[in-house]
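Heads up, the next two complexes both have chain A, just with different partners, chain B and then chain C.
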Partner chain A sequence: MTPAVEFQSVSRHFGTVKAVDRVDLAIAEGAFFAMLGPSGSGKTTCLRLISGFEMPSAGTVRIFGEDMGAVPPNRRHVNTVFQDYALFPHMSVRDNVGYGLMVRGVDRRARRAKAEEMLALVKLDGFGDRKPAQLSGGQRQRVALARALVNEPRVLLLDEPLGALDLKLREAMQDELKSLQQRLGITFVFVTHDQGEALSMADRVAVFNEGRVAQVGTPAEIYERPATRFVADFVGSSNVLPPEITAAVGGPRAWASLRPEAIRIASEGRLRGIVTGARYLGAGTRIEVSAGALPRTPGYLPQDEGGIAVLVPAGRAVPAVGSEVALDWDEGALHLMEGA
Partner chain B sequence: MPSDARPPLGLTLGAIAGLAFLHLPILIIFLYAFTTEERSYQFPPPGLTTEWFGVAWNRADIWPPLYLSLRVAAISSAMALVLGTLCAAAMARAKFFGRDTVSLLVVLPIALPGIITGMSLRSAFAIGEIPFSTFTIVLGHATFCIVIVYNNAVARFRRLGPSMLEASADLGANSFQTFRHVILPNLGSALLAGGMLAFALSFDEVIVTTFTAGQQSTLPIWMLNELVRPRQRPVTNVVAIVVFVATFLPILAAYYLTRGAEETAGGGK
Partner chain C sequence: MTGTAAHPARGPGDRLTGLFWRRPKLLTALLIAPPLLWLGVVYVGSLVALLIQSFYSIDRFSGIVVKEFTLRTYAELLIPSNFDVIVRTVTMAAAVTLASVVVAFPVAFFAARHAKGRWKAVFYLGIMLPLWSSYLVKVYAWKLILAKEGIVTWAAEGIGAGNLLNAVLALPVIGGNSLSTSYIGTFLVFLYVWLPYMILPMQASLERVPTSMLEASADLGAGGWRTFRSVILPLALPGVIAGSIFTFSLTLGDYIIPQIIGSSRFFIGQTVYSLQGTAGNIPLAAAFAVVPIAIMLVYLTVARKMGAFDAL
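This part shows the complex of A and B:
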């Protein structure tokens, strides 16, 4: 099957800055695809390469098999929900939503009907006469969504769509976006720096780092089997063990990742250390265990390495800061990573 | 925090004195338009009359300068609207080497003393062997009118931000449609304000005009010449009131227009 969006060795350089560097990517039709990464990792530039606001310095971007070459943004069958929504302040909500139809010459009556239909889709029936300034942040977000969907794009691009919303609203919108995507069956590509958002909404995630794709996979693959140290650290802040420690705890001499929630405090363990910090998170307490002032002894954390994070679930006793603890985990919890 | 406490008495008196210094002379100009003494400005006026308005209306020598001033102001603001907007669009959207320098050069004419602008234009016209005409006055005025329009438009362009223009293109609009449906409606009040300010500035300009007008008289120059004449002096004051109204109203309107736009733009945030 032809992918909805395909990158073939795409680069986008700004002078000496390699914003996007030799990226290969295939996004299947109907997917809910997340581009995840810290700011400056190239994810937004990739989105703009799809919408046409950036042109590749090298490589090919295809949309449904068609080489986008020099196709300008207004001729591409993709639409974007902008990060700041970019609603037109001088137009009513209805005219905002109908804008894509107006510039294509659809007559007023049909435009109005379609705009109302779109507003109903995002649960904003009856808001057509308002101006964007009269809406809340969440409502503006929905208008931006309705406006982008009115042209029935084959791919919908979302740039940090929930970034400006507060936590409660963000969670509600996550569910809503997900169900909307399933109902419409359109390919959604969204950019986010929030790994929780990417893992909970997307069915495939590409993790970006320094202009390159570090890993592509399902949320579970990314979370449980990170390919690189960067992915392990960025997605859910896993413990990254250098080869010496992996070897010391019974593994091969290789980089490995170990999830904080996979570690438990035990009387006998694979590793010992001192609790140097604790942070209460509500659903648990994240404690930091390191060598502290202990002498360099086999079985203890070496002094020159950073500490190990352990998530103590709520309800379990949290060891006091300064106390010595032993750490243990199941055999399969240690995930080895290739090379870097 | 603005406090409820009253400012010190000295400051209040100072402010009142400052405002009085600025505005009382204008009121005196108005007062002299009604004086019965026509040969000198005598204070207080020996008597009050409205006859000078009728006299001014019937003086044939007032009308040509008035028409000339209106024509010059209209043409130079129209030119400024087109060129200033285009210039602002280029500055706000494009990034190129030396952009800041060009931006400074565009704004410079308004910082330059009028006498220097006037001298340089006069010598340029002489070198180009361009005879003085309405056109040369318009060129002189356009130098600062463009800046006014540019300043208004460029601020609005910046606030418009790139993403709204991108959103328009993303939804399928071509450049013309984006200009027509997104840029122009958002720029409208800024352009109107800029155009009216430019009109007002052009209408009462004296310095640059004296260098570029040749034998013609615009209204302000006519007034300047009239002040040294010994008869019917209050007519000049009547004209002064007309000039005041013709320049003050557009400036007032421009002030309210841009202020209203600030509010709506702020409300969108």
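This part shows the complex of A and C:
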């Protein structure tokens, strides 16, 4: 099947800065695809390469197999929900939603009906006469969504769609976006720097770092089997173990990742250390275990290598700061990574 | 425990700061009182005096101002010779304003959306530089440029467009003996002199339109012309209106340019000048002076009704 969006060795350079560097990517039709990465990692530039607001310096961007090299944004069957929503302040909500239809020459009545239908879809019935300035942030977001969806795009692009919303609203919108995508079956591509958002909403995630794709996979793959140290570090709060510690706990001399929740406090364990800090998180307590002033003895955490984070689930006894603990985990929990 | 929760006041400055902190409105009042006095008393006061004068009339025989309320002076504005002056001035002001919008827009758009760093400085310098030199010098310079022996005629003949220039000058009403003695000349100089006043507010309003707004329009399928009409222009309209207030009212009131360049027919400004001077007809001069004010009020009301300030 032809992918909805395909990047073939795409680069985008700004002067000497390689914002996007030889990226290959295939986004399947109907996917909820997340581009995850820190700011400046090239994810937004990739989104803009799909919408057409950036031109590749090299490589090819295809949408449903068609080379987009000479197709300007207004002729791409793709719509965007902008980070700042970019609603037209001088138009009513209804005219904003109907803008794409007006451009295509749909008559006023049909436009109105379709706009109302879209507003109902995003649960904003009856808001058509208002101006964007009279709406809350969450409502504006829904208008931006309706305005993009009214054109029945083949791919919907969302640039940090929930970035400006507060936590509660963000979680509600996450569920809503997810169910909307499943109902409409449109390919969604969204950019975010929030790994929780990417993991909970997307069915595939591409992790960006310094203009390159570090890993593409399902949220579970990304989270449980990070391909590189960067991914392990950025996605979730995995412990990234340097080769020395991996070797000290019985593995090969290689970088490895170990999730805090996979580690148990036990009486006998693979590694011993001193609790040097604790942070209460509600659903558990995250403690920091390091070598402290312990002697350099096999079986203890090596000195000068930083600590290991352990998540003690709520209800379990939390060891006091300063006490010595033994850490244990299942055989498969230690995940080895590529050198980088 | 020793020490207090607050430092003692260190002098009159601290005490004054404290006073302003307790009564924030006091500071505001002190700050705006002088300009308010200036504007309120001197400016609005003289405007009211002007308005009152326009309701007086002049005794035809003695030439003395009769201080009785009458609309007779306003009726005099409707005499063909007076009314022609008004029509001529308003038409000129409207033409200058429209042309300024057309000429200023690309410049303002470039400056607001594309010029960065050094280019932006060049832009501001280019716009402001003419404003630093004397207005009279510029007008006389234009007189030379537009004169029959001037560079425009010379250049037109040089490129073989001399006949075209003559054809334009042969047009009724706007034509004339040479560019410097025709309405076209007056128009060109007005356009040149007031253009910065259109570019600057336009540029300011265009700069406030976020790029994402233009991208959203393109994203929704709009081509350049549609984006210009439906997004850029409505959002830039407050700036266009602000600029047009300048170009329109400055043209309405000017009496030097039409005196130096153009046909010898009077504009409102020249009429006011001669009425209050040699003719000594202060009431009619005042009535003439009220015309631009009334026109501007109507203009702003219409602009507001049309939603020109909705995007503010």
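What to note about this one:
As a working rule, the second predicted complex is superposed on the first by the 340 of 340 C-alpha atoms of A that agree within 3 Å, B and C clash if a C-alpha of one lies under 4 Å from a C-alpha of the other, contacts with A are read in each partner's own complex, and residues count from 1 in each chain.
Heads up, the rule we're going with is that contacts are C-beta pairs under 8 Å (C-beta built on N, C-alpha and C of every residue); 3 or more make two chains touch, one makes a residue touch a chain.
Just so you know, these numbers come straight off a predicted model, no measurement behind them.
Three-chain overlay on chain A, with chain B and chain C in a clash. Of the two partner chains placed by the overlay, neither chain B nor chain C lies in contact with A:R316. Applying the stated contact rule after C-alpha superposition, one finds that A:P132 touches chain B and leaves chain C untouched. Once chain A of one complex is fitted onto chain A of the other, the partner contacts of A:K123 are absent, as it touches neither chain B nor chain C. With both structures placed on the common chain, the touch criterion links A:R104 to chain B and to chain C. In the overlay built on chain A, none of the stretches 3-11, 75-83, 93-101 or 165-173 of chain C clash with chain B except 93-101.
Across the two superposed structures, the residue set of chain A contacted by chain B and also by chain C is 51, 53, 72-75, 79-80, 82-84, 86-90, 99-100, 102-104, 147-148, 151.
Residues 210, 212-213, 215-223, 226, 230-231, 234-235, 307, 310-311 of chain C are the ones that touch chain A when the two sit in their complex. Note for the complex: chain A touches chain B at residues 51, 53, 72-75, 79-80, 82-84, 86-90, 99-100, 102-104, 132-133, 147-148, 150-151.
Chain B contributes residues 161, 163-164, 166-174, 177, 181-182, 185-186, 264-265, 267-268 to its touches with chain A in the complex. Considering their complex, residues 51-53, 72-75, 78-80, 82-84, 86-90, 99-100, 102-104, 147-148, 151 of chain A touch chain C.
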